[in-house]
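Per-chain residue numbering starts at 1, and chain names A, B and C are given in the order in which the chains are listed.
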Amino acid sequence: MALARPTAILLSKELQTEFRTRELLTTTIVFVLMVLVLFSFTFDPTSIESRRFAPGLLWLTLLFAGSLMLHPSFTREQTNDTLAALRLAPIDPTAILAAKILANCCFLLVAEALLLPIFAALYNLHVLPVLGQFSVVLLLGTLALATIGTVFSAISSQARMRELLLPLLLLPVLTPALIASTEATAGLFDEQPYLSLQWVGLLAAFDAIFLTVTWLFGEYLLEE
Amino acid sequence: MATLSASTPAHAGALRPSNGANLLETVLVALLLGFAGYCALFVAPTEKTMGVIQRIFYFHVPSWWSAFIAFAIVLVANVAYLRGRNPKWDWLGVSAAEVGVAFVTVGLVTGPIWAHPVWRIWWTWDARLTSAFVLWVLYVSFLLLRTLIEEPERRAVVSAVFGIFAAVDIPLVYFSIWFFRTQHPQPVIGDGGSLDPSMGKVLLLCWAAMLGILVVMVRQRYRVERLRWDVDRLRLEASQSNSESGR
Amino acid sequence: MSVASQPNSSSRGVTVEFQDIEKRYGVRYALRGVSLRIDAGECVALVGANGSGKTTLLRIAALLVRPTKGTVTFRAGSSAAPLAHLPGQQRIGMVAHNILLYDDLSAEENLELFAKLYGLDRPKERAAAALQPAGLINRRRDPVRDFSRGMRQRLAIARALLPAPGLLLFDEPATGLDPAGQHWLGDTLGQLHDTGCTILMSTHGASEAHSIVTRAVRLAAGNLAEDSAPSGDPQRILTAALAAEQGS
């Protein structure tokens, strides 16, 4: 497939660059930790309250962290005009977007994996029994954030006030994914844990729909 | 003295006076709106439980319908622009988006005005209102994005892509919020029960008036965008011929 | 835009034809009705004042910028069998104002990445082979951000030459090069010209490649003002451009 190979090459480049410096990862993790701890000060949750608020808190925090972390995705390509270098190569321009979406998804998942034990400890949640199902929700939700976030990073990198613009554009569009992820997570941490297939289905649909829209229209964002 | 270049594309006749047609159109819609308003306030029967304040419904509901039509126009304009790159689609897109945002604002403002005397609350996070609020933010962001990109072609392309994402998101937003509310119910502002036929007629009349406003406002706004383009072009030609004659 | 190319040709060069190219940014015209045909193997110098549209024309030829009107057609060899858009780009190499390289990666890693993206076999060897003549083989493991201006330009040129292109687009290639670098550039351009590669080079009239330039074209305010093709001698236009540059 003409898309797979260049995506793999570029994905490898993205991962190589980030794991060399790890600046995005460390900053994101520290930010998320700080937010989680600060929130626990502000409302000093009991165990019942934790179960109610923690899912929303987790996803909101990831959303904010993501909107900060996804920002350099395309602003980095403005240095030395490397985006033009990629576009000069005989590859489908959508591969550039696909590689960045996958890379950002990876970074977010790594951050989440490191944060999950801390989060569970702070809010007294029993993650282990539902780990497998929770991973599915995390994966789908993170993919939603990475997809829209990467595309909107391409959008905001071409505008002024880009640091403020990315969260502003991202948050309303991600509303369905935010609700679905939070509700699905809440179900898993309920007293009688259950996996809500409707919410997971909605998340999967969200991902499928927006990956398709990206595939159809994303390349126009890369033009000059 | 600037000379107009004859080879400029597609805007011949842009400066033609069209005031006659515009004025007629505006007067007709104003009359229609006046008549619809009169019917809404005096002709339609008073609602049993809510009283006079319910009459705001005749403006509140058509505002939403008109907003959706405006946003549908935006989606069509966005896709058409990306395919053909004709600036006119960009002008149509921004015009329809602004008018759509205006209608959503009317809806969001008339909602609480209606709600407070009847249910004693200004706002509730019920499904429709919440979704409407997200809708408002989405298209305000669309307009804001446009102000932050200077180069016209990039602005048109980038905002068109964002507009498509926003439009595709709308059904997902409505569905997810609705489904959320079925699981966590809250008080609902809005009608309950069926509509009396005479009320239905007045509602449609008000909607027709709203659609008239939609058409007039989009056309005016489109005209402003087109004039802006022509002014820029003339200014550019004037400065070029000045610098050439100065050489 | 259409790209037509024939897979096997003894001459490497690509013919480029611009037909009525217009590029508009809002109401501002960068290029107006430019029609130009560059035959395979020609070495064309593109001159003109700043803002005359040279960079825009080069970027349109590189398929980076989409013209508002008009078409760019490419032909390789004698036949004009149409090919898909993408393989055409394989035969285009570009040196732009920016170096088009990743600061965080080493010289070697950069060239390997682009070798892979261009679908070249043995990317590691190709990268090393490109670094050697550019005089960068000893610094191949260093990140590009540590390179001097001249070294970055050499690497940018090496990057453009990597896929053995049939069309080379140079936007002021001598910028930042020291005399040794300029000498290397002149030699490299000479070798490329000998293999039949088509070269379109924007220049301010400086001398690094005048010996191989076969044609000069001058742009003014987005229009094609002068073309040395009828007379066959590019020197007059080149000298005038150099004088204009030095006078301003």
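Just so it is clear, a contact is a pair of C-beta atoms (placed from the backbone, for glycine too) under 8 Å apart; a residue touches a chain by one contact, two chains touch by 3 or more.
Predicted, not measured: the structure shown is a model, and the values here were computed from it.
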Problem - Centrality ranking, top chain (CA atoms only) - result: A
Handout entry: Selected pair, greater C-beta contact count between A-C and B-C
Key = A-C
Handout entry: Chain centre separation (chain A, chain B; CA means) in Å
Key = 32
Completion exercise
Cα centre of chain B to Cα centre of chain C, whole Å, reads 48
Fill in the blank from the handout: Between the Cα centroids of chain A and chain C the separation in whole angstrom comes to 39
Practice task
Mark out which residues of chain C touch at least two other chains, giving numbers and ranges.
Solution key: 66
Exercise for the section: Can you tell me which residues of chain A touch two or more of the remaining chains? Expected result: 223-224
Problem - Two or more partner chains touched - positions in chain B - result: none
Fill in the blank from the handout: Listed in rising order, chain A residues that touch chain B in their complex are 148, 151-152, 155, 158-161, 165, 168-169, 172-173, 175-176, 179-180, 183, 198, 202, 205-206, 209-210, 213, 217-218, 220-221, 223-224
Exercise for the section: Sort out for me which residues of chain A touch chain C in the complex. Expected result: 2, 6, 9-10, 13, 16-17, 20-21, 79-82, 84-92, 223-224
Fill in the blank from the handout: Listed in rising order, the residues of chain C that touch chain B in the complex are 24-28, 66, 68, 221
Problem - Residues of chain B defined as touching chain C within the complex - result: 85, 151-153, 229, 232-233, 236, 240
Practice task
Within their complex, state which residues of chain C touch chain A.
Solution key: 59, 62-66, 86-90, 92, 94, 96-105, 109, 113-114, 116-119, 159
